[in-house]
Amino acid sequence: MTYTIKQIADALGAEAVGDVNTVIQSIAEPASATADQLALALKPEFAKTLADGDAKAAMLWAEADWQSYGLSAAILAPRPRFAMAGLSAMMDPGTGGEVGIHPSAVIHPDAILGERVSVGPLCVIEAGANIGAGSRISAQVFIGRAAMIGENAHLREGVRIGARTRIGARFIAQPGATVGGDGFSFVTPEQGAVERVRDSLGDQDEAKAQSWARIHSLGAVQIGDDVELGANCCVDRGNVRDTVIGNGCKFDNLAQIGHNVVIGNDCLICAQVGVAGSTRIGNNVVLGGQTGVSDNVFIGDNVITGGATKVLSNVPAGRVMLGYPAVKMDKQIELHKLLRRLPRLFKDVATLQKGVSKPGDSD
Amino acid sequence: MTYTIKQIADALGAEAVGDVNTVIQSIAEPASATADQLALALKPEFAKTLADGDAKAAMLWAEADWQSYGLSAAILAPRPRFAMAGLSAMMDPGTGGEVGIHPSAVIHPDAILGERVSVGPLCVIEAGANIGAGSRISAQVFIGRAAMIGENAHLREGVRIGARTRIGARFIAQPGATVGGDGFSFVTPEQGAVERVRDSLGDQDEAKAQSWARIHSLGAVQIGDDVELGANCCVDRGNVRDTVIGNGCKFDNLAQIGHNVVIGNDCLICAQVGVAGSTRIGNNVVLGGQTGVSDNVFIGDNVITGGATKVLSNVPAGRVMLGYPAVKMDKQIELHKLLRRLPRLFKDVATLQKGVSKPGDSD
Amino acid sequence: MTYTIKQIADALGAEAVGDVNTVIQSIAEPASATADQLALALKPEFAKTLADGDAKAAMLWAEADWQSYGLSAAILAPRPRFAMAGLSAMMDPGTGGEVGIHPSAVIHPDAILGERVSVGPLCVIEAGANIGAGSRISAQVFIGRAAMIGENAHLREGVRIGARTRIGARFIAQPGATVGGDGFSFVTPEQGAVERVRDSLGDQDEAKAQSWARIHSLGAVQIGDDVELGANCCVDRGNVRDTVIGNGCKFDNLAQIGHNVVIGNDCLICAQVGVAGSTRIGNNVVLGGQTGVSDNVFIGDNVITGGATKVLSNVPAGRVMLGYPAVKMDKQIELHKLLRRLPRLFKDVATLQKGVSKPGDSD
């Protein structure tokens, strides 16, 4: 698929300048761009490297002096990073796979596939599953009994969607993403050490050896529209009610969402984040990579956590958090600075002690 | 499957009161329960929300004044949380799947399946594998050569059990759980930087670029009875001897157990925990979510770690640990309090220094 | 496969002593070794346990007094840990699987398989994929469109290699390893809270609810020779250019490599490590288990991180790092010692304050 500079600019709502009929085959970074590629020079520091490549056209920021870079055409975007979303969608060749239903797929006769659904080789779709029109299902995917998936989904290879999951439109799941595993919920016959520690914060008294009885998961998972799940990430189903994920949420690889968790709209959950059971998360929350959130806590709207933050208690709306345990980011950064000065503080106190204990000494 | 209040109470060893022949279709949280559901009001604060729903029957705690909530029947359980284990098992409709051997499964003629074993579509069972009676194997599962699995196992979709793994009875594995990957064991031709750092704790002297030679894993994995593995979790096989997991252990999603690890009985390993190679863990240990444990350490019986604890050295039996590096939980909580007061401490010392250095100043 | 002591020693470049024609069936730890096994007693403390087993032959270190342990034969290796690499390879019986192409595999007619390639049951190999000679592909593996894999690869069950991935020779992938998921790259229409926090390190000003637009991944993944990926680990493809992994790198289970990351040669990436997008890592770097590395940072050659280290900024070559945030290991260990003395420091300062504020008091 090729486009002219003008076609691209029009599609992105950006300005085309110079020889706007230049034809573009694909996109590239400035230093490695060839003459038929559109170079991405979204900031002045990237534009400097245009001279290292052969690009004749580039995407630049709104006020860029494009001719100064020796280009014959350019696209000027008011917010180039956002323009990348539309541009990358136009240029995406996809990951391939035939259209249609592969004969090796095992599709139960009671499953319902919408119009133009494609199903790759060796998929399993169980009884009562319902796949929305236009959905593309890659190889070796599993869709459980009575699961519902909305229109125009894209499920990559090896995705597993458990029984009775309900998912909205335009769902994307990366390879190995897993929805609907059972919740991790076990209980001892008598009050156990963990329950006592939660009360005492440190004392488990005398421990009695007990085995764990399993609480079965009877709930399912509900997922809104425009959600994306990363590779090998896991969303567990609820115990009694459903685990719920709102519209527009994006999850990166290896993220873990426990049973009964409720997440609002438009949250960004980065790689290897873990959210423990029954925690509630508001709208527009961003959890940085490797963030951990304890069970049964509440995180308000617009909260942001830095990488590896460990949230052990409720966080009010709007907070920016960092560290283990999580505190406000500015306080955490101040604390890190003080810790670097701690060796000096110990010395200062030792000096003071000498001074006080021997006030008469003059050296 | 429906039950009367009396049938449920009898099965749970709890007391049925009121109209004990009331028929229950399923269970629900109090606020959303309908007239044919059993509301779960395990604590007084949940019972208050019975008024928001339409439940006529509820499960309550032992001494509950059940009639005060407008119910016509109730189940009074001495430990309602434990009663949930039995109740949820009774009410579990399962995740579906046909009974029997699906014709698309690839089962080696030398594999042995016990009575009433069901195998889902597109599974692979290799030569010499032996599956205990009554086991249910969902879709797209892999069971390697000479692997043995006990009676009444339940393997969810996409589970992978490596060659020569031996597993006891009543094994449960969530989607994507993986047993028997090779251990992560590499060595450089000459002593390498990591070995030097382990000795010096900080100084790697001059580093020499070396490549890594692979130590092959010749051991397998042994797993006891009543073990459950979470979605996409990993248990590696041993180098020379086997990796060993005792009876009654439960692992949550994305947990990682390295080669040669030995774990006792009835341990609870929460989501995203990592246990590095050759570490030994006692009985009844609970590792909170995202806990990390170094290689070659020993964790005694009944140890509990809080979320995200990083264990870098041995932990004696009975300890409750928190933090990075792990210290006793009460000490860690005290430390967190002191750290919050650290800015003040720096100011106090600065004031003292002023006072000491200018002892004559009076203000 | 059996070997004599002499054959093994010759293959390892080690010295055979005693009855060098003793035939060895397999290897074992000293305490459990039988008469036809080679006991691994790589250090004096292990050799002491030879008396607990029935071994007649053992592998020992270079100057070992082998006859003093009652052995009739021995292999003396100058660096026994390194000798384990060769010895374990000789003794590895493999994980089984038939040779050849299983009829249930779905192989596109336009895929190219080299000589002696074996493909297990229920694999999917898409159009244009190219598999090097001698490669062994286990069950249920996925290889995407136009992916290239070099000679003598070994892909375990359930591995997923995305479209257009290019991989060198002798690649090993443990079960469930996933290459070529889409990068996690999203952008809001207007400047968002995360961008503001990155500038201000703590202040997100007023948050405006925005949805996330997806930046499509157009790049692929390039992997060098002699690379191994752990079970269920993830390597994402690049946005515009490729994600790149050098020769000789080894990744443990559940590691996560983000889009556009560039890693040099001979790095060791331990379990559950996460490397965020666009970060560059040099040669011979070792990242300990659960290490996290922020996006867009640079880690120099020979850097080593201890377990659970969180790298939030650039690290110069040769550094040994520990902690969250990462600092030099020796400094971190000193800090841990000071933190243990912090309660005492608070008391000392309180005492000083008493002394200073009441200078006239004598007790």
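Per-chain residue numbering starts at 1, and chain names A, B and C are given in the order in which the chains are listed.
One rule holds for everything that comes next: contacts are C-beta pairs under 8 Å (C-beta built on N, C-alpha and C of every residue); 3 or more make two chains touch, one makes a residue touch a chain.
Chain identities (UniProt): A, B, C = UDP-3-O-acylglucosamine N-acyltransferase.
Computed from a predicted model, the values in this text were never measured in an experiment.
Colleague: Taking all residue numbers at the chain A/chain C interface, are over half used by both copies (same) or under half (different)?
Modeller: Different: when the shared numbers are divided by all numbers used, the fraction is under half.
Colleague: Can you give the rotation angle that fits chain B onto its twin chain C by Cα atoms, in degrees and rounded to the nearest 5?
Modeller: The superposition gives an angle of 120 degrees.
Colleague: Can you check how far apart chain A and chain C are, centre to centre, with Cα atoms defining each centre and the answer in Å?
Modeller: 23
Colleague: Touching two or more other chains, which residues of chain A qualify?
Modeller: If we look for residues of chain A contacting two or more partner chains, we find 122, 140, 158, 176, 232, 254, 272, 290, 324, 339, 345, 349, 352, 356.
Colleague: Provide the residue numbers of chain A that touch chain B in the complex, in ascending order.
Modeller: Within the complex, chain A touches chain B at residues 106, 122, 124, 126-127, 140, 142, 144-146, 158, 160, 162-163, 176, 178, 180-182, 184, 186-191, 193-194, 197, 201-204, 207, 209-218, 232, 234, 236, 239-241, 254, 256, 258, 272, 274, 276, 290, 292, 294, 310, 312, 324-325, 327, 334-335, 338-339, 341, 345, 348-349, 352, 355-356.
Colleague: Can you check the complex and tell me which residues of chain A touch chain C?
Modeller: For chain A paired with chain C, touching residues are 26-29, 32, 40, 79, 81-82, 84-86, 88-89, 91-93, 95-97, 102, 104, 120-122, 139-140, 156-158, 172, 174-176, 226, 228, 230-232, 248, 250, 252-254, 265-266, 268, 270-272, 283-284, 286, 289-290, 301-302, 304, 306-308, 318, 320, 323-324, 328-330, 333, 336, 339-340, 342-343, 345-346, 349, 352-353, 356.
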